[in-house]
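Sharing a structure here in structure tokens format.
Labels for the chains are A, B and C, by order of writing; each one numbers its residues from 1.
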Amino acid sequence: MSAPIVQLSHLSYTYLAGTELAATALVDASLSVSEGEIVALVGPSGAGKSTLVSFVNGLLRPEEGGRAVILGLDTHDPAADLSALRSQVGLVMQHPHQQLFERYVGDDIAYGPRQMGLSGESLRGRVRWAMEAVGLDFETFVDRRTFALSGGEMRRAALAGVLAMQPRILVLDEATAGLDQVGRSQVHEVLHRLQSEQGLTIVLVTNEMDEVVDMADSVSVLVKGHTVASGAVREVLGDASLMERCGLTVPEATELAQDLREHGIPIGQSLLSDGEVEEALWHVLHR
Amino acid sequence: MARAASLRNASLGRFWPGDSVVHTLDPRVKLCSLGLWTVAIVLASRWWVTAALFLLIAAAYRAARLPRGAAGAVLRPVLPVLAVLAVSQLLFGYQDPAMPGADIGVLEVGAADVSLGRVIGAAIAIVRLLSLVMLVGLLTATTSASALASGMERLLLPLNRIGLPGHELALTGAIALRFLPILGEELEAVQRAQLARDITGGPERPWQLARNARRTAALVVPLFADALQRVDEISTALLARCYQGGRGRTYMRELRLNAKDLISLAISVGLLVIVVVL
Amino acid sequence: MPDGAPRVLRGALFFGGGGMDAFISVRDLHYRYGNAGESIEALRGVSLNIVRGEYLAIVGRNGSGKSTLAKCLSGLLSPSSGDVRVNGASTRDAAALVGIRATVGMVLQNPDNQFVTSSVEDEVAFGPENLGVPPAEIRGRVASAIERVGMCGQEFRDPHLLSSGEKARLAVAAMLAMEPQCLVLDEATATLDPRSRGSLLALLTQLYSAGMTIITVTHHMTEVTRAKRVVVMERGQIALTGAPAEVFARDDALKGYGLALPPAAAVERGLARRGLELGRDVVTAEELVRRVVALWEGEG
């Protein structure tokens, strides 16, 4: 794997520090992402995942003892140009309506690139490209009102708005929560394509273990502001006792494999998907 | 970020549980007393009446046995307003010619002549504002949100009997208050999302009116859309819980006035009468 | 649960239960959103009978009409045409709606937008207060509802500060206090983490065993396997219905409706394609394990 383009180490953060409402979100958190990788960030609710990814696009700067270097930029340095970082790191949030604010879809998607200096034909071209990347037909949607879109269309529009800035890193903060299977696999399809065609690096914050198995190369576990584990998906998710200790559940397929093992069927430890369980069972039963 | 954080923790003031005389008064009595005392403070025309009222409120704090930081917590957010009030009173305040010291000059600020009378006038205005703030603070410090809501509901209930939406009003107010922190979180999320796409950078300059107006508008639209969506869901939820307005509604918590409550109410009414007469 | 003689609370008539006649009957239900010019037909002729004590799952892709159907069943929406009757009372009868909504309690998807008070016990009391239940009885109902969902000791907590799992349970308690005969849950587990989802489902199973009729709208397939009957919605109509084993056996059709299979069924189907038959009716993990072990030990 290439050198990490995101290197967060020993980060701590407290909201409203010094007041009586202070809330510690991070105590000692780290995250390391290599170029072109898809990394999943998981952890129980309230673990601090959203706070941690806020360091990736420079929204938060590290305090003493912490370090955050993204795309070669050290955000601790007071002279660092954080606005430049924001055009390179795109953030997609869980609720698309929080991101869309222009009246027309085309305008909203154009917001980012317009700030970057594009105009006229090149701006239009960029908007068209972004819309096509997410599967929103340009002609049909460019003049639609943002609030007349369906939930799924809004989600795509929000993603397009971020992609239009052509970031090198994409952070999705529980962006598929609440979607049904169809919706989620559509988003995954888009992301996989962007990773393979454009070498996009992706950080996926999620609660769904199946999504981690489908999408991620490696995973990092955050519990109460501490990074307690990180590594290849198979090693981390396949470690049932680790998952238990972190208050997370293993993918359903893994649980199924565990059930089978408990009843004496000799199949492997870290099976993560239905397909893998099927394959393993086939080999065991077909003698 | 700070803007959102303050909205997120917005409430009328912190509640400190306890069992003092003030804590255990019926919330309806406390609410009515709030109204009566407020009118008294506003109407007080003599400086020593204003001072006496302030001391009474301070005494009430003592009676409520609140922890040491409570009064400070109530006052801290208001200090900037107090400062502005003081300055404006000093420079432009009404000069009561009958006030002692009206003709004794103290300062000269440009064309304005600040006399001792004005200084006293400013002091009185500050004490008056302090009294009001402390009064509200006392109410919220000794009354839980549940009790306040019950009190409001019950007070407005008679309106239902004459066909006005009394309970509905109280419920609307309670819901709006409940949702302030949620809207605060929403605002924070919207800010994050927009900041992530805003690369023009640079610190916020208060004089860039157009730009700041645009930024604020960009925050307001999604927030408004979110609030409207919530309103829709809340009203469906109210239907699901068979809400039918105030008429015929019963209450789990029964509020009964006892002697203590009636005496307190009598004191408040008496106070107002005295102030008006004086 | 009210039984026998009808009980009157604030003008709402509660019909007792009893008898095997349909509890909720739906006949050619149509529901249209919007007005004459631009309207969307969310439900296009749904007919269904729900029996007392059932555990029904309603599934389908987003936009298939499942949430709309749930709202029509609980009296939150009145039909554009057709009929929905709960214990004989029609949801088109404005006077009967309060009674229907208390009989068929609907828990909405986002608990945050359902809570209107500042404490757990106030929240649970809100429903019975609206129904005009006498105060002493309200206290009893609140205590029992809180106990049933396992939130004893949390009576004074602020609903908005609870974890998402606790919020879901509070929403259920708030409905239970109105003593419904049926609970309808609209994607109540969608935003929960796997742990909270498990405990909410366990709660539902408990309530079902105690006689409550449960209707869940969900897109979590493993959850569906717990139900006794499944209704698959597609474009405003019922496309498929039957026991989970029957419905999941039609995996070719399910794909067309935007639905996947639960892991156990997916594994069984995969093995069957390779020539190893364990039985098309396998949908739960327990069943799969049982068949595999039988085969394994048979060979051994």
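We take it that a contact is a pair of C-beta atoms (placed from the backbone, for glycine too) under 8 Å apart; a residue touches a chain by one contact, two chains touch by 3 or more.
Predicted model, so just to flag it, every value in this text is computed and none were measured.
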Farthest chain from chain A, going by mean C-alpha coordinates, please. B
Higher-contact pair (C-beta pairs counted), A-B versus A-C: A-C
Between chain A and chain B, what is the separation of their C-alpha centroids in Å? 42
When the centre of a chain is set as the mean of its C-alpha atoms, what distance in Å lies between chain A and chain C? 32
Residues in chain A with touches to at least two other chains are numbered none
Chain B residues within the chain C interface of the complex: 144-146, 149, 171, 174-175, 178, 181-182, 230, 233-234, 236-244, 248-254
Residue set of chain C touching chain B in the complex reads 10-12, 71, 74, 76, 98, 101-102, 105-106, 108, 110, 112-119, 121-122, 125-135, 138-139, 142, 158, 160, 174-175, 178
So in the complex, which bits of chain A are touching chain B? 15-16, 20-21, 54, 57, 59, 81-84, 86-87, 89-91, 93, 95, 97-101, 111-112, 115-116, 147, 161-162, 165
Seen from chain B, its contact residues with chain A in the complex are 5, 9, 73, 186, 189-190, 192-202, 218-219, 221-222, 225-226, 229
Can you list the chain A residues touching chain C in their complex? 44-46, 150-152, 177-178, 180-183, 207, 209, 247-249, 252-253, 255-256, 259-260, 263-265, 274-275, 277-278, 281-282, 284-287
